[in-house]
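The structures come next, written out as structure tokens.
There are two complexes below, and they share chain A, which is joined by chain B in the first and by chain C in the second.
On to the complex of A and B.
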């Protein structure tokens, strides 16, 4: 390949990356613009929109809802997902992969379909929509990721350490708490953070199942219906920080899987 | 070397009560019988090798004793107590697993102290006993290292120390030396012997290496296809193999097929001799070292003529292959100083005394 085509490919690659990343960069940049419109030119930088964000009615309840839902999803999916993954890892491969397929089905369904079906499900049960319906709904699509990630770790898990623990006097529970859990803890925490990120980030399923409340994504959606102010960008940036932050930590922790 | 059956070191009368009693133990996985119903007695202070090829069920047997596999039939009794239904954590056994199963998230010290911590011993007692165990295993300088940073031999010592610190009535070892290189294996053999003597406990280990079994154990149980084919001390197993399998698995052996009829054995290769026993197919087993090259006019209980096919000098002895009737070969180990050495193509007469031959059924 000649030097010229090399350069050409480099230019194409850079253009692609710029195209992919620019919306995110612009979102962040416009949250600091001193003008009232989210477009160029940017005349100066200010924290005004961030200040406006925190005084927006509904911001704090939405923020709190997002954190409550996100952390509940993280904790529950970590606990249930770890147990499920351990169970699956002990099964014959064929059976495990069939069950795994069934468990990961919600991830493959279009979120819109999932949202509508959840809504009609809750309504038919006569449940009052709110956090109590959002959390299980989020678990439905976040849980499979935890199972997949922890299962991948459990497949390579050296079960002799558990046998050693039992041999040295540990009950099955003690062996789990003193040996299995400490060894897989980074992966479990990482998987929980990914579940939290998916939950905090979700709009469609939340929209259908939350009823009258708001999370940050549904708040943004409500705000842009009346007009796109840089405050929306500030909230967007906040969501970005929460999800990217937890994902970065998660990747760091799960890296030494295997 | 005597090939007469040496007296068993233990007779029923003077033996102490067996520490570990397996009665009718078997294990089936579906249609596959990993262990056929068997009995085994292991006595206090024994160093027992369960020897057999891979897949013979020896590890399953060890795991049944340790409580990791529940037997399909039979009972495990340790020190007079039936432990068949009891989990590994409540048995007076500890195991050194193949690959050791060390806890990667703990230091050497924490690994060794794990069992005592579970027993809720006082901090001071744990510290003392761990320090003592580390000293005995020459691990003191590695005490606060992660186990992942240790060499294979050091990991092995950690696994041993971690198990022995709990003073098990029976220490189980699953292929303890298989993962080590040859030189380290010899060092660890000495170490195991020393530990067995110092600790004064009862060790049971499984191995596929007959050399390991002979050099470490005072009792050997030879397993094949889920059965214990023979159990006894090293000498009796080498000298008086009970089956064809035992004869070939332990040491080199020449096998000669034959037929027994009315107390008279006729080998396919020619010779006939008297040997009491049931009628039917038999195999005569003779060790290469027991076979002599007969000088002209010299006689022997069993004699076979043949032609020298190969002569190899091996330092301490000469290995000579002799072709006899029916395309069969007999291997002879000759004194390295023998003169004149047999030459390839030479016609020779082989012979050995009946006492150094063992006749087994089939």
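On to the complex of A and C.
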């Protein structure tokens, strides 16, 4: 390959990285700049917007809701997703991929359709909208990711170690707790963190299934709709910190690359 | 492991799936044949909502399909170039490139759209930067609140969904296959078009489908960066809020999904035709 095409591809690579990351980076930068308008030139740096954020009405309850929902979704989807991934890994390949395809359908559907269908379903059943309706709704789109990630690990799992434990007299549960789980633990934790990131990041499904409360994204939505204040950048940065932070840790733990 | 117990292990996930996906979607489909009368749901089956969608909302539906098709084609092409880069041209950077794609996949949906609003505004990041650099003397006012702004924003947050399936299928192509084609005298374009694209068929179709569905159902992007532009999502969402017409909203959603299925099917045919030539 000639040097010219190499340079061309390097330019393409840089362009992609700038396109993907610059909006996110700008958001973070402008949460620290002094002017009220989010634009250039940058005149000074300040923590003003972060201070404004913590005294925003609704900020703390929204933050708490995001954390409660995120951790519940992480724990429950990790548990049911890991069980399902183990079950699927033990099935004939074709059948496993059909079941996995079906369970992944909720991720294929536009979140708006999922959100409004869940809303009308819950209300028709007479359920009161709140955290109790948001959490199961998030499970629906979080569990496929857990299943995919843990399944990718389980198909390379050496089943002989479990068989030896069983031969030595361990019950299936004992074998799972003392052999299987310690081996796959990093992957399960990583998958749980991805589920938490998806849950904390979700806006549309939360918006339709939460009723009157707020999470960080629905709070941001309210603020954007009523006018631009730079403290939106601060809350946005906080959301990114939570979601991208847990994703980075998760990718390190799982070594998952698509 | 006994095979019966494998099904029990999947049961909790399957229960969540059936109770919160199959049941609500079935109810949603039934809902689309009901009507609202005096703020009450009337369960008398009728096709009125579907007639309403085709008679009064076909323009918005058509516009949505055009925007979604354009965005899906562009994003799939970008996703293909990105995957090609990571798989064949910058193998040592592949891990890092994919890492960036994955972290942008899992975080910041609403924040990305909001960021584009601040970038493209009249007093936004782009205009202020160009003004400060002296490239332009007055702000470009047509950046925000335009179809282009909507498409760019949608492309930005759907790109990871296009990269992942295409890259996954490109990883399945061995270097030896490409080398064999080259040894047989194939040039750069023939290799791309007759070896690489056909082998990525499923990834390309998956990428297109993901992006089309994300875009077809999005209503936040047109609201924040589209100005007066209306996509079908902007009509569906209020039916479940202020407008209170669930059945009409359900019918709109189902027509949109049906349109998506048709477009995706046509795209699949196109890719299959390309690969067979």
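We take it that the second predicted complex is superposed on the first by the 240 of 258 C-alpha atoms of A that agree within 3 Å, B and C clash if a C-alpha of one lies under 4 Å from a C-alpha of the other, contacts with A are read in each partner's own complex, and residues count from 1 in each chain.
The rule we apply is simple: contacts are C-beta pairs under 8 Å (C-beta built on N, C-alpha and C of every residue); 3 or more make two chains touch, one makes a residue touch a chain.
Owing to the predicted nature of the structure, the values given are computational and were not obtained by experimental measurement.
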Fit or clash between chain C and chain B when superposed on chain A: fit
Most chain A residues touched (candidates chain B, chain C): C
Inter-chain angle, chain B to chain C through the CA centre of chain A, in degrees rounded to a multiple of 10: 100
Chain B versus chain C as contact partner of A:74, first or second or both or neither: neither
First (chain B), second (chain C), both or neither touched by A:183: first
Which of chain B and chain C A:53 touches, first, second, both or neither: neither
First (chain B), second (chain C), both or neither touched by A:27: second
Contacts of A:174 with chain B and chain C, given as first, second, both or neither: first
Touched partner set for A:236, first chain B, second chain C, both or neither: second
Smallest separation of CA atoms, chain C relative to chain B, angstrom: 9
Chain C - residues contacting chain A, complex: 1, 3, 5-10, 12-14, 16-17, 20-21, 23-25, 27-28, 31, 78, 81-82, 85, 89-90, 93, 95, 97-104, 106-112, 114-119, 121, 123-125, 127-129, 132, 156, 159-160, 164, 167-168, 209-210, 213-214, 216-220, 224, 233, 236-237, 239-240, 246, 249-250, 253, 256-257
Partner chain A, residues of chain B touching it in the complex: 66-68, 87-89, 93-95, 97-105, 114-115, 118-119, 162-163, 166
Of chain A, residues touching chain C in the complex: 9-10, 12-13, 16-17, 19-21, 23-24, 26-27, 30, 37-41, 79-81, 83-84, 86-88, 90-91, 99, 102-103, 105-106, 108-114, 116-121, 124, 136-137, 139-140, 143, 147, 159, 172, 194, 197-198, 201-204, 208, 217, 220-221, 224, 228, 232, 236, 239-240, 243-244, 247-248, 251, 256-258
Chain B-facing residues of chain A, complex: 158, 160-161, 163-171, 174, 178-179, 182-183
